[in-house]
Structure formats: C-alpha cells, structure tokens
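Listed after this line are the structures, all set down as structure tokens.
Here chain A shows up in two complexes: once beside chain B, once beside chain C.
== the complex of A and B ==
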C-alpha cells in the first residue's frame, strides 16, 4: 500500500513538472505572438484560483456527488502548485511596482505559502501523532482531559486515607492540579521539546523517594495519568495546529478573490476600455 | 526513546458533530451537557433528564423514574423529585462557537476588512498611486502634462489618458464593461496579435503627440500607441521591444499583403533628414521592403547601400587605398583614417569632408614648380582662369610678398618668372588647359615625386572636368554624402573601441571613389547578435515613426 502511494506521488509530481514545463514553453512561444497574453493568463489564473477555492465549497456540500474529499484535496494540492507557474507567467516573471498590484501579489503569495506550509504540515504531523500514540478525536479531548483529571484527583484523595499521608495530595495540589485543568506546553509539543515533561517527571521521581511502597503504587498510577495527559496535550497541540493554519489560508483566499475582482475591473477599465467616455 | 501511548479510554459510541456551529459551554470543563446548544447558539439545558412517571397497576400516584441514558451515567442516585423534577439540574452555560464557525466568522471579518480597506484606498487622495500598476513615466506626470491635460481634456492627472478615471468606481465598471475586446471575449483576446488602435490613441495620445506619422505611408493606422509604448513601467518609458516590429516583419504572409505596388509616391517612403544634409539615397524596391526575417542576426536583409553592384555615383577621383598606403605620407608617416574623418559634435557621425579642411594640406593646387607660394583657388573655374590670365600681376604680388620694394626689382622678378613658366609649362591657353584638364602632373614632368605630384595637381586630378565653350571648363561638383544609410541610426562614438578597418575592411583595397565601403549587415551582426553580445533590438538603429515632413 505504501508502495502504491509512493508510486502515485512520484507519477503525480512528474506529471506536475511536465505540465508546468509545458505551460512555461507555451507561454514563451506565445509571448511574442499574442499581444493580450497577459489577459489570457490572468483569466486562466482566476479560473485556477476559483477551482482551488471550490474545494472549501465542496466540503460544505458533502451530500452532492462531486467526488471524494480526498480526491479533491489531491487536486487542490497539485493545481495549487500549478497556479504558481500560471501566476508568474501572468506577472511576466517580475515583481510588480504598483501598490495595488503589490498587495495582490503579496496576498497571493501569503495564500500559496500558507497552503504549501499547511500541506507539508499536514503530511508531517500525522506521522508524529501516530508515532507518539494516544490518538484521539480532537473534539473529545476536553472530555478525556476531564476524565483524567477526575481520576487523578480521586487517586490523590484516596491516598490520604489509605496511607495516612497527604504527600501525594499536596503534590497534586502544588504541581498537578493546574496541569490537569487544561492544555499545557503547546509550543513545546509543536517543536517536539520534552523539557517540561522531563521537569515534571523529575519532580515525580523526587517525590517517589520519600514515599512508602503503598504510596509509590498510587504515585505510579498518578504518573501514568500524567503521561496520558501529556500525550493528550501533544494530540491537542498538533491537531489544533492542523486546524489553525486554515484560519490564515481560507480567509485570505477570499480577500484574494476580492482583490482579483478589482484587478479585473481596473485592467479592463483602464486598458482595453480606456477609450470609454463617461 | 519515546514511549508509545495507548489510546485513551473513552466512550466511542458517542458521536461528535464538528460541523455544528455551537458547542456546550461546559465542554472546556470536560462536561458538555447531553442536549447541547440550539443551532442558534442558545443553551437548552435545564436538567440531565426528563423523569418518567411509572405507574404500576393499582397505583394512583406512580413513581417518577430517572431517564438519564447509560452513556451519561445511567439513572442518578438522587432520582427525580416528588413533583417529577429532575434531581440533577444542569447549570446553564454560555455556548461556545466551534472552530469551524469561528473560522467562518473570521473569514467574513477579513472579507469585510478587505472591502473596507479597498474602499478607503480608492476613495482617498492616494487612490491614483494605489491603483496605478506602476509609476507613470515622468513626462506623463509632471506639471506640464497636467496643465496640458487640463486644457485639452478638462481634467489633469490620470484622466488625461483615462477619461473614466475621475468619475469613480461606477464609471470604471462601465469602462470595463465597454472594453474592446469585452470582458469575456476570450477568442478575440486570443486572436489579437497586436493591440488595435483605440479611441484613447486617437483622442488622447495623438492630441498631444502631434506630427507623428506611423511608419510607412501604406501601413494603415491600426496599431495602438500602447502596442509598443508601454506606460506604467517606471520613471522612463521602456524602449519599444522587438515584439511590435516582429508582428509584421516576421510574418511573410502579412508582408506579402503589403507588397503590392505602393499607391504613395516613392519619395514619401524616404526617411526625412535634417535640412542641408546630403544623403545617399537608394531606390525603393517595387515590392517595398517586404522580406520577412526573425531578427537582425537571423535573416535581416543586406543594407540597401551595400546591395550587390551598387556604386557611389560621385565623380570625385579618390582612391582610399592610395591614401592609406605607403605612397602618400603626411609629415613622413602614413595617413590614418582620423587624419581626414573626424566625428561631429555629437560623436555620432563624421564631419563633412572639405577641400580646405582635409585636402589642401597635401593638394595645395600649386601650378608653378619654381614658386610654390602661388596656388590656384578652389571651387571656381572662373577664379582659376582669372589667376592664369593675370600671371604677370600674380608675380608682382608675389614679389611684394617676398619683400621686394623697388619697382625695377619687382618688374624684373615678374618678367623672369613669366618667362620661366612659359618655357616650362607653356603660356596662356596651354597653361590653362594644363591646369584645368591634365589628370596627372606626371604627364608634364614624369620625374615628379609623389609629394610634388600631389601639390602640383590641377582640377582634373580629382574632379571630372568637361570642356565648355562658354566657361572654358565645367567641374562636376562632388557629392559626398553626410549620411549613407538614412533608414537607420549609427553612433560612431559607441564604436570607438573597434578599429575603423574592423567595420570598413574593404577600404584599403578601394581604388575608386565609386566603391561603397560601408560595413555589411553580416559584419554588424557579428557583434549585434545573441552570440556577439551587443544589443540587437530593432530600435537600436531604427525608428518606427516617420516624423511629419514640412
């Protein structure tokens, strides 16, 4: 199965490069021949952007027989790459000078770069999540966190009665209650830094030295819950990052479409329609 | 080494709906209520269940039973109250938006912000700078242009060229709607190989840029000014690219359509030249210049002046080869090109060759071998005749110039020299014929050195001299062109690194003034080609426009 996906990706990439090279060659061929080539590449680019935007609409209309979301995502990625070629052919492989056209270019680049980074991130993060384990539905994370919190609190309280010592309960209040209350160490998990976890583990180890056998058993159970909570935070951090990059990519896509609309009006109104007398 | 965590234990039978807009406000505490908020985001929770009244046979009151589902803990320990109220009331929450809903709202906010910023940008005083695709060239943005636009079009600034500009976005939309080709006329866009002349060209560009004729007289005025002159490219308008030229000159079929004999007189095709300039004219081919070619280095026709068999019709006798050889020396050294050919004040072309400036130093027009101070005047046969016929007076004048003061001495000097020249060269008419018609002084004295031969040369040495019954002789005036190739520009100043012979190699073998020693197209293309590295664009040499003739 892995071989199939690898082959498919290689074929798609080769195809993408072939199409891009063909597009560049076609553009170069027609540059000296067609005076309005930039208009044609502009319309092509707009069509490509609309197709890319349609993926968002496709997700909102799951009941329509428009193909699988997976197929759309594949097309979205490859056509997105192709749009880069069309874009630079449209602008003539130069950086625009005007304010508005610079805005348009920047907007396109932010959208395309956010898309590329999102694509790479969405290829990279699932592997990390799988290798770490503890996979969970993102929407379920608060409930599971609460469950872990309740179980840890219960263990801490029961340890007081069982061992006639408040050491574990005190430790829980001092170091773990806040940890279980909500997500922690977001950026550490994103960049895969284990320092906060090691620090907490060290504190648990320190406490363990002063406990008797029965208390150590309880602390072991608490430690297990702490590890699960840390895994849950890891899942939360990475899964939320998979959703949050769309907060840049999607809204700016619509901004790009608005700017493109004005660009069309300006280009036609001030160039091909320049002779119009109000 | 990281340890692999097992999946957390949770109820997999519960179904999450991440596409909903709202979630229970208790979710972040990990205790969302069973009902969840309404689609409008209103908390609907009041109790964990709706108790059910179980009435057994024979009972009248019945017993309220908790109906909390098993996945939410099952029936509660407290049970419903005696009036059927749930024993586990839920604290109302403030429902929260899901990420999906939040993203939608942010999207709308960004859209609104974008529209607002755009409106602000195109409504503010900086709107022209904002929408301009790039800076307008200096000539189209200075105060002079604005004043002209105000006078001619009633509006300064952008409206000088774009009439719809000042009227606002509504008119921009109308202008876009009325564009030609229209907004969705893709086939016309694809078929247009050049930008057609627009109303803006006719009413705006040409209104100021008067006097520009558009290329050849037979070519219809079909091209837009902007087809070649791309505005909004920076401080200076970029020079026209070769694309516009190639549009016609690469297209053999299109050129063939122009090849029919012109309706315009041939003179109309002659490039205009500055007043007084002498130019080397070549006749226009009957089919016009309709050879298709791709670039200067690839197929450009040979220069008309260098076409096969063409000769300079000038009657002057001037062998370049002789002057550049070892026979002719100036101050003991060989002549160089620069001894005669000096650039003009612009450095582009060479100054006109003149007898006084270039020839006299060697060709002094002496006629008396014993008195080299006596020379003939240049430029007038009558003056020459006058000198020869007044020889005694000329010797008297020469005697005075030599410092003789006594009349006897002066008269004696005159008599002796007149006698001497009559004895040597003959007197009167014979001397005059010698001076006017003898092409080579060695015919008179074969022992003359080359230097003396040049100094003692008469009119016919360099000029075509014909006998004339009225004026004795008529000298055909030489015609030395100031410009040889008027269809193109050339700047000698930019080619000083090349030696003269690199471009004019045939000059050292040229034995007649009728030889045309201009560079060939191929010799220019050696450098002006992609291989040569020098610019090879059409506009380097040619101008598209023919300026109005007076």
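== the complex of A and C ==
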C-alpha cells in the first residue's frame, strides 16, 4: 500500500481515534450528570446502525448523485468501528445480563466481526486471484466446467479405441469423473493448501509409468484439463467466498434492526410501566 | 517428399474496388470532364494509371434534393467532387443536431431519475415507441450502409441558415478524408439529381501524388483552412508573429502514414494473435540526423528505442505531441556536438503528421520561443546511458508504467480511449456492483462486459472507450453514431440507427453490441416485412444520469476507473496510488 491509499488510511484512523476519544470523554463527563444517558446512547447507536445500513440503500440507487460507493464504504468501515464505542457506552462497558439483550449483543458482534473479516478478505483475495491468473467470470464457471468435463470424457473414451486399453478410461472413472462433475477442494483453495492437487498429480504420475508413448500423450492432455479444472475450482472457491460473506453480514444486519426495534418497544414499555419518563 | 502448397492469387492493390462495376461509359465521361481532362496521364505510373484509379477508387453517387452528403462532426474516409447538379454547405454555426439525425443527451429530471428504481423494464432491450421513431428534422431512408438521411423542409432551412453553393467540378471533404479530422461542415444535395464522384482516401492519396494541380489545390486548401489553426493551437507557435507563422506554414510538409482503415486489419491480426506494431511504418528512425520536428496531427505513433533485436515502446504520442524537438533544441544550443534522433517514431494504425524542417525551427521558431516551452538539452549522462535499460533513459512515464504494461497498452491500441474502463484486479472483488449499476441506469441492460484483456493487475474491460480516433464513426450511413456536443463523447441516436452493424464491425475493441429491441409485450420490434429491427448499443458514459458514469461511482473498492489513456500521466498516478 502506498501513496493515496496509505494517506487515506492514516487520516481516517487518526480521525477515528480522535472522534472515539471525544465520544468516550463526553460519555464519562455525562455519566454522573445524566440518569438516563443510556437512552441517549441508545438512540445514537440506532442512528449509527441505520446510517451503516443505508450503504446498502445507496447501492440500490446508482442513478442518484448520492456520492461514490467507495466514499460510502470508507464511511461504512470507520463509522462501523465508531459504533463499537457507542455500543459499549450504551451497555455500560459490561456484558448485558438479560437473554434478549445478550442475544442482541451477540448479533451485533457477529455483524461487526463479519464486516471486519469480510473487508479484510475483500482486500486479500483479489490479489490472490490476480497472481494465480486464469481469470473467469463467475457466472461462466459452470459452462467452462462442463466444457472441460466433456473434453476430458471424450479423451478418456477415445483412448480406449486408440490404444486398445482401458487404463486411462478406468482411471477417469475412478478418480476424475467426480472431480470434473462439480467444484472440488473448496477449503483447500480457500486456505491455499495444495495437498489434494498433489495427491491427484501423484496418481496421474503413477498411471503414467504403465502407459505407452501414445497413451502418455493422451494422459498429458487429460492432465492439462485437470490443471485447468483445478484453476477453475480455485476461481470458484475464492470468488464465491467474496460473495458469500455478504450473505452473513447483510441478513444479520436486517435481523439486528428488527430486534433493535423490538428492544426499543420493550425498553419504553417497561420504563413507562415503571413510571419512568425518559 | 512432396509438399502440398495452398495456392492463392497474389493480393493486388485493387482487389476490392470501391464500386464493383464501374461502367466504361461513365468512366469515359468522367475522364472528359474537369479536372480529370486537364490531368497529364503520363505523370501517372503504368501500374497506377489515372483510368484505373478512377475505376477502382471512386464511385458515382446520386443524391436527391435535401439528402445529406456529409455531416459536420462526422468522420469519413472519402472526398467528393460534384459531377453535375449542385450542393449546399451549411455555413457556421451550422445546422442543429436534430436536423442531422442526432439527439443530444439530456439529463433526466430528478423524478424520472428516482423513478428508475421501480420503472425499469423487466424485458431486455425494451424500447418506448418514441425512442425508435425519427426525430423531427431528419428521416433515414433505406437499409444498410447505403441508406441516406434527408433534411426536412429544405426551403425553411434555407431561410433560417446560411449556406454556400458548391457547383460542378468542385471538391469537398478532402481534408477530413486525408487528415482523419471530423468534417467541418454539413453538405446536402440541392438539386433533385445531384451526381457526385466519391473518392476513397487511397485514390485521393494517389491523385495527390501524381497530379500537381490537385496536390497544389488540396495543400492550399489545407494551409488556408486548417494549418494556421492547427499551429496556433500549439503553445510553441503561439508567440510567433503573423509573418513568422506564414514562414513556418510555407515550409511545413504534410505526411500520412499507415493504414486509414487500421481497425479491420488490427482486428484480423488480433484474432490471429499476431498484433505486431513493430511491423508498422517508421516516421523517423533512431540515430538518423534530426532533419525536422514531427508533430502528430491525428492518429497515434509510438516512441521506441532499440532493445536487443526489437523495439521497446517508451511512450505513445497522440495529436499535438512533438517528436524530435529535444534533439533539435540540443543541437541548436550545442552546435559543436550535434546528436542524432535518440528514439524512433513508429506509426500505430494511421497517423497524419506535420513536418517542420530543422532550418525553419532554428531560423524562425527557436530564437523567439519562450525558454520555458523548450525542452532541456540532453545531459551527458543521458546520452551515455547503457542501452540495456532504455526505459531508464526516459526516467519518466514509460519507465513507471513498466515495459510489459506499455507493450500491452500499445499492442491493443488502448491509448486511443478517453474514457477507457480500467480495472485494478488486485482490488476488484468481482462483486459486479459496476455491472448492476450500469444495468440500473440503462433500463436493466448493462452496456459493458466486466471482462477483457489484462496485463498483470490491469484489466481493460469491454466498454466503449470514447476514442480519440473513433473508427466506429467512419461509415455510419445516417450519422446515428456521433460525438455529443458538450464533452465530445461518442453516442448513438437510437431513432436514426438503422442497424447496419458498420460501427460494431469497425470497433476494434468489441465495445458495440447489436441488439433486437422489444416492445411493451416482449415481442421483437419488426419492420414492415416482419424482420427484427437491429440497433447498435454501447456505453454512453451515463450522460443522462446525475454524477457521471455509474460504473465508476458504484465501485466500492477503488478498483474501476474511467480513464483518459491518451494521458499516460494520469494512468501512472492511478497505478501508483
């Protein structure tokens, strides 16, 4: 990271710490003075969460001059960090004791953690995809996979007639047909472990020892397709992981908002029932 | 062992004549009229006689009253000569866009912009009837590349706009054809049967080469109409007095290099994986005596230096850029130790140049030029640099971009784009927010593919680049594809597009797609013969939307940028963020 991005990050972090320190100091100042400070921090937290959620709304309105998505993401990330300070100020820097509040806390933390991990993952994975090469459009992966499968099957079948031996075809049925049928080694690709690939390569090498020159040529072509399929699986695993984390982060955010609404109703219901007016 | 060879006829200069069948009677009639009857046929070489040039590089066309022959702002590769009848050229400020079959993009109202949230069609390529009907003022007639556009209500037009009459024997459109500049005036037929000779640029080039009268006529027209403005636009010549500028103009030579229709050849080579810019013509060679300054007038050239057995690209030069100025300034300031050209200038595609001899530069331009406009002489260190690292010599942009990426940009001609969609693959999460934003702002029809050639972490997506040299605009029969007036972006008027596919075939970057529009019921829009209507579509840079291109604004990770790649500096800045 250099130049513009480094400057932007440094400025944003300095600002974040300054605002967070100011918020904590303000909170400490008003704690002894205001009996109902948690109402104030609660509404502030809700406003912050609504602002964070509004980013998804911005994405749905690309035709309006609402600022660039990159500016929104920066605000989303740093205001998200700030919400942690507001959240703990709201709960009084302790773990809530009620089950409903505990549930809310857990949900909030999962949303925050999924957001942080998702952002880090979004910064890390594109570099891996680029350095590995073999860029494909995600939507095209099934089509390409099918094409590789057809070509590999065709090679295996033709090898029987050409070499009067079913060695390659048998190997294909035993070890490769399932491999070509769908995505494989998802987690190995995610964590960048090459063990499954090495194992498959080793099996291909073993088979090669028992083939004649002509069959080896065919096996070389099959191996090339296996390599391409492995690259395709890599693209599938990493590209889908870039999409899947949002399926945790976004739905949980909306669930959190619903529970927060219920939390507001319950708080006001109980406080009014107890004769307390905020 | 016998070898079977695949034999073909040797390709010939006139394998593809402009008009497949040019009648002999018409040819004889042409050769009997001025200016062809006054030409000295013996001045033409045996391999390219005047009769063959006329037969193969020209065609006769007839226009009806009010039919547009050329439109101001269009690009074209032909010049015209009136054979019989007469035409009119609209004088400045010219005819309104609406009359020419163009539609300037208008910003949507704020409520219509918001209504896109729920109002976008669920059908692909849905068009409202008013989007497909012709604008008032222009009416396309016919199909295919020969279709024409007629001006409506010509008498009223003549009342409201100033025009000049062009009569038989007069040429027009020759400067735009030779220099690849946009046409400066709209010309339309004034008689009901106006006959014109259309001369394609190759023929015009040969006529210029072998007939002094035409050469003098065109050069005089060029010097009178275009050269002064071209030189005055360059800061180095702005300080010159009128008489000094006339001296420079008198000595300036014009040069045309490469293939005017480079896009077709480039596409063919690219498909075969053989795009090889090093095969292109050399304007000036490294180590030659610097006999003058070359100014790129239009098109592109690349600055190269010998490296190993090949040529390494250091930079590319577009319109208005100089070659050789630094060497000439060096020699002028150090007459005791003159140097040769330090780099070569090679044509990419098609390049039109101005050449000003060293003697004129030294006598007229340099003595009075402000020092801040002159490049610094070469230092001893620069001249003695080790040839194994020629990029280092530039110490600048080419070096910072890196050799691989420079060759990638050059080989693919991406420097042509003023709004090229570049994607930093090391930051792109492949979320497709850009594609969704594009679809949302174009009635659910994305106008680009997030896919395309890449080098390292830089990908150039298949989106209209709004080129400096818009080859897509050459040959559009109705002028539907044009530059919008405000910012010069290339747009397509859906109502006057006749679906001839000329633009899509010409585009070297596969950025124009032909689609079959649908009506409200989801059926294809058809003509009277129930054949589906075709329309060309492409990125319009969201000119009707607020805030600029939606794709760029929708990218959360700073990965996508619409970039002017004619300016290598901004690209370097983006790379080094």
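Just so we're on the same page, the second predicted complex is superposed on the first by the 258 of 278 C-alpha atoms of A that agree within 3 Å, B and C clash if a C-alpha of one lies under 4 Å from a C-alpha of the other, contacts with A are read in each partner's own complex, and residues count from 1 in each chain.
By definition in this document, contacts are C-beta pairs under 8 Å (C-beta built on N, C-alpha and C of every residue); 3 or more make two chains touch, one makes a residue touch a chain.
It should be emphasised that the depicted structure is a prediction, and the values quoted were computed from it without experimental measurement.
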Touched partner set for A:243, first chain B, second chain C, both or neither: both
Comparison of chain B and chain C by chain A residues contacted: B
Which superposed partner A:135 touches (first chain B, second chain C, both, neither): both
Which of chain B and chain C A:209 touches, first, second, both or neither: neither
Chain B versus chain C as contact partner of A:68, first or second or both or neither: second
Overlapping contact positions on chain A, where the chain C interface meets the chain B interface: 135, 137-138, 243
Footprint of chain A on chain B - complex, ascending: 2-10, 14, 16, 18, 23, 27-32, 99, 102-103, 106-107, 109-111, 114-115, 118, 121-122, 129-135, 161-165, 167, 169, 171-181, 183, 186, 189-190, 192-195, 198-200, 203, 226-227, 232-234, 242-243, 246-247
Residue numbers on chain A that touch chain C, as the complex places them: 2-5, 59-70, 72-73, 122-123, 125-127, 129-130, 135, 137-138, 239, 242-243
Contact set on chain A toward chain B in their complex: 31-36, 39-40, 43, 96-101, 131-140, 142-149, 182, 227-228, 231-232, 243, 246-247, 250-252, 254-255, 258-259, 262, 264-278
Residues of chain C that touch chain A when the two form their complex: 108, 113-114, 116-117, 425-433, 436-437, 440-441, 450-451, 454, 456-457, 459, 545-547, 550, 552-559, 576-577
